[in-house]
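Here subunit A shows up in two complexes: once beside subunit B, once beside subunit C.
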Partner chain A sequence: MSLTPATDIVGTKKSGRPIGLLLVAAPVLLVAWMIIWPIISAIGRTIWLPDEGGTESFSLETYRFFFTDQYSLNNLSVTLWTTGVCALLLVLICLPIALYLRFAKGRLAAYVQGLAIFPMFVPSIILSYAVIRVLGPNGTVDLLLNSVGLPHIRSPYLTPWGPVIGLVWDNIPLTVLILLSGLGNVSNQSIEAARDVGAGRLALLWHIILPRISNSILVAVSFTVLGIFSAFTLPYVLGPAAPEMMGPFMQRTFRDLNDPTSAITQAVITFCFCIVFGLFYVRSVAKNRTT
Partner chain B sequence: MARALVEKRIDWTGIFFAVALTIVIVFPLLVVGTWAFTNVWRYPSVIPQEFGLKFWQQTLARADVWSAITMSLSLATVVTLLSAIICLPAAYAFARMDFPGRNILFFSFLAGHAFPKFGLLVAIAGIFLSLNLIGTFWGVVLIQLVGTLLFMIWIPVAAFQSVDRRMEEAARDVGAGPFRVFWSITLPQAGPTIAAAVLLSFVGTFYETEGAWLIGAPQIRTLPVLMISFINNQPVIQYGAVLSVLLWVPSFIALLFARRVISSGSFAKGFGG
Partner chain C sequence: MKRRAFMLSVGGAAAGMVLLPRMAFAEAGKIDWYTSSDQNILDFWTNVVKPKFEAANAGVTLNLVDGGDSAGVQAIAERAVAAMQTNTDPQADMAEGFDTRLPKGGIEAGLWVDFSKANLSNYSKINPLAFDVPTSLPYRGSQVLLAYDTTKLAAADAPKTWEALVAWIKANPGQFVYNRPDKGGSGGNFVRRAIWEANGKDPSKFTVDNFGAFGAEALPPAWAMLKDLAPSLMDKGAYTSGNTQSIQLLSQGAVTMIPAWSDQALQAISTGVLPETTGLVQLTDLALAGGFTKIGVFSNGVNKDAALKLADFVLSEEIQSAVITELGGFPGVSWDNVSKELREKYADVIPATIPVFPGGEWEKAINDGWYREVAPNVDRAA
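Right after this comes the complex of A and B.
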């Protein structure tokens, strides 16, 4: 199964019959109705607000409220903090794994690769439960520490570190795969050539490998930022009640506080914070698909 | 000579990663598995005082568990079927036909991936509010259906494109009609990959939590949604553990089928790697 076919999506057959359009109409209309339209409508309904008389006029009131409300700002900053820490940790953890997998062969490497990909097959809700059982109060780590006479850990559960642990765990597989795919572009010859002129391991990494995979690192970071900035399940289950990340914050504003306009304002703000990463990510996927 | 020396050296880096990942990845899941088969495990014993299946009976006797299982299975089935009905013909068209706007329409399925997912869900929920789709089965179906589009179009397109066109032409030369060619030549070659896409979207929908929680709760209760409420409000630890093991079964099946697909490298390319 290849997501990157050998031929360009632009086919060679020129029949020009509109029956193709008919066949693709249903999913395309669904995208238009359920993705494009909600985004346009979200921006529209948060800047055209009805006043008491019911007439709509241009107003940035909901945005002004968000950026002057201390609680909203705290939520935004904990989201930025979590996203930054997770992206950094993921690169620091996954780059060594990917480097090892690129150059190692044999059964041990296959085992490491299998484990690194395995979290992809663990739904985040099971992961949340596992994190609570292991790192939560009186969890397995506490049991083990207690049995050798050590004091309890300060549990990350219900602190901002809870979501960080869960989100990093959850994102290891795709980060490793994206970096590994980037490392595939580093040829053995260039590495051997550098070794022959006496380059050490660090010089090799810094001058030969990193420049060639910088794009993959950016793709991995963009993917992580997009996924983590508005993550819901893990922050909702593992994180503190306040400040909360944008995902749980939007959910609570929408359902519990029954205030869709504020929730959609928060959504548009998350769009704005992620737009650069989103466009970069989509552009790389599209480029991969066409070449 | 130098290479032989390198290979004989003990792979300390590999051993380090293997041990670290085993502790971080496998150990937490083993703990959950152990809890599921534990009757009594009181602090501070390192191993459970009593193993057993007591809580399997209790969990499976709960009405909310059964209704969540039924709800999850029927949602995943309906969404996957609908997705296959609308996406597979579209994938065939993208792979084989020429029509105006083909490229831009093909890449339009990426649009959803340029935005943070939950923000997009909230924006969709804003639309659903005025359509009275909040808290309904079909509202959840729609939101989960959108989540399957990219996979269900891009993977089958690749499958249709990799079918050997010469075999199709040969079949046509000996007099086979277009449907006969599709049925006997195209489908058998593209079939396994398409089946993988269908399986992926079934499993993905089965575990979809955020849309179901935002749009469906509390009326539409899927297994992951029930699991959230068990974590938040259920003092009996084993219920969550048993549910985790039950919940993991589809993922295990996907794991068996998808292993080759995912380690092939082209999968990561699909994510922009």
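Right after this comes the complex of A and C.
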């Protein structure tokens, strides 16, 4: 191909648009192909069921089963419980860390930042076995408590709190990073100004900092919720046999029970819950762009 | 759009195409082999089967690939189904440790070679107990037994019957744990032993195709039995999510006894994961079930004939003896077909019969039934 001097693409505003569209076309097509289409096909496969004769017809049977089956509902509710508890704990733990990192300076802050980001580099399967070692029965914590004469604690391993502990630890880096970037919007001047008129620490947090980063908190929560809702490894290894979280439940239905239709139904239901949080995220991003 | 912009984007797309990975094709004479098994099995194939087979068959090589777990190998099998529909090369010839009932519809589509029609010279030697579906070729076995801590329980006091085991578990609450039946065979076969116990200790009552008529009455009494046991288990009804986690709890001294695979327990003891003081005991009234690991050969693989030769080769006396001596497993062939020395040497250690629980519909019903009946309904807070 011959390359002519590029006099015709620079300068005019009109010609910029198709290039922008072209640039965005590849990811949009990928999303449509690898995400949107599978979703449509999955929903189709759960409502368009073959009957005994093999002819396919519209049926909500798999959904009716899910929502009338106490076992499935228990799994759904434990997933919602785990997600809610994790999100709450994450905000409670990560907000102070992020505030500290935003305002503290010096070597100690660097170490804290390193520690907070560290879980990002630990694969969840390794984390699971480490949690068994440390918090499991006769684990490190037990041994330490026993050595100073304290009683044996009931281990969170194989209870719903096992995955909560693992998931919270695993999600600290993402939450801290998002909150930290949000705290970047809080200018030192506004804080100093508030201090000058006599605002206390709590008032500062409540009236100056939180309003500025509410969006970041929302983004952090929706990101972690999306990850936790569909978590697999940690609930699989650390959680109780029943009720299970949706991730292990779907995998077991798909693979061990060899029942793809029910597994996809569970996936669609999971997806519907996730999309709500996805919408929160999209809304807050959109709001950010308009302001 | 201006011409220049168009040219740029087309050029970019063309350049992108060039950078896409080239289509790979399987090499003739290189058997692509995938396993779902653990590292010890891969080592066995790398160090024993591969050199022996390649020495005996000039020009054929084995490409041993660790598929991770069943889901990993299933992805390969699904690729082979897709390749079948488009008549292309699946780049896979053999699957080890995989249930050829998967992926769904694979057998009907003719994905797997039917070994009963493949004329393997060693096919008739296979232990009749080991057969499942004719597309799965059993070649090694292992048995579940009880592993316990001899510092807490003297070998002489270890339970040797189911009744004694139940009595021991109830007398020592919190000292026994088994894993979820679908997450590993050690817990799975413990559950199956309970099902036998609830149905007159007669494994012959259970066949691969009699679930429909018999299943509904066979399983509930076993669930009741296991539910009754739950409050006496570790943490009043905790179930680990795999063979390894049970072994870890035993090694941490959190429990005194677990069901464990014979080969895995022996290996754990020899590598120091379990201490030397670990005892192993098998129930003598009726042993815990064993299982056979199978091979499947893809019917559309480029090296199907070589793979069938390999399948026949692993059933030979040479490899079957190595399964016993190198792997600590049981042969897939009947015991009459391994060397007399080995048969005599292991006569005391290994029971001549391994009770085997059939797969098929039973497996699904047991997994689902256990999760619905046994795993919930425990009051663990009490």
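Assume the second predicted complex is superposed on the first by the 244 of 291 C-alpha atoms of A that agree within 3 Å, B and C clash if a C-alpha of one lies under 4 Å from a C-alpha of the other, contacts with A are read in each partner's own complex, and residues count from 1 in each chain.
Methods note: contacts are C-beta pairs under 8 Å (C-beta built on N, C-alpha and C of every residue); 3 or more make two chains touch, one makes a residue touch a chain.
As the structure is a computational prediction, the values presented were derived from the model and not from experiment.
Undergrad: Please determine whether it is subunit B or subunit C that touches the greater number of subunit A residues.
TA: B
Undergrad: Per the contact definition in the header, classify A:Ser59: touching subunit B only (first), subunit C only (second), both, or neither.
TA: neither
Undergrad: Once chain A of both complexes is superposed, is A:Pro240 in touch with subunit B (first), subunit C (second), both, or neither?
TA: A:Pro240: touches subunit C, not subunit B.
Undergrad: Check whether A:Ile97 is in contact with subunit B, with subunit C, with both or with neither, and answer first, second, both or neither.
TA: Only subunit B; A:Ile97 stays clear of subunit C.
Undergrad: Can A:Asn146 be said to touch subunit B (first), subunit C (second), both, or neither?
TA: After superposition on chain A, A:Asn146 lies in contact with subunit B alone.
Undergrad: I'd like to check the shared interface: which positions of subunit A are touched by both subunit B and subunit C across the two complexes?
TA: The overlap between the subunit B and subunit C interfaces on subunit A comprises residues 1, 3-4, 6, 9, 15, 18-19, 129, 132-133, 138, 236-237, 251, 255, 260.
Undergrad: For subunit A, which residues are in contact with subunit B within the complex?
TA: 1-7, 9-11, 13-21, 23-24, 26-28, 30-32, 34-39, 41-42, 45, 96-97, 100, 104, 106, 108-109, 111-113, 115-134, 138, 140, 142-144, 146-147, 169, 172, 174, 177-182, 184, 216, 219-220, 222-223, 226-227, 229-233, 236-237, 246-247, 250-251, 254-255, 260, 263-264, 266-268, 270-271, 274-275, 278-279, 281-282, 284-286, 288-289
Undergrad: For subunit A, which residues count as touching subunit C in their complex?
TA: For this pair, the touching residues of subunit A are 1, 3-4, 6, 8-9, 15, 18-19, 22, 71, 74, 129, 132-133, 136-139, 154-155, 157-159, 236-237, 239-244, 251-252, 255-258, 260.
Undergrad: Which positions of subunit C touch subunit A when the two form their complex?
TA: Listed in rising order, the residues are 1-5, 7, 9, 11, 70-71, 74, 101-102, 104, 180, 182, 234-235, 238-242, 245, 248-249, 252-255, 363-364, 367-368, 371-372, 375-376, 380.
Undergrad: Within their complex, state which residues of subunit B touch subunit A.
TA: Touch residues, subunit B against subunit A: 11, 13-15, 17-18, 21-22, 24-29, 31-32, 35, 43-46, 86-87, 89-90, 92-103, 105-120, 122-127, 129, 142-143, 145-146, 149, 153-155, 157-159, 161-162, 193, 196-197, 207, 209-210, 213-214, 217, 224, 227-228, 231-232, 237, 240-241, 244, 247-248, 251-252, 254-255, 261-273.
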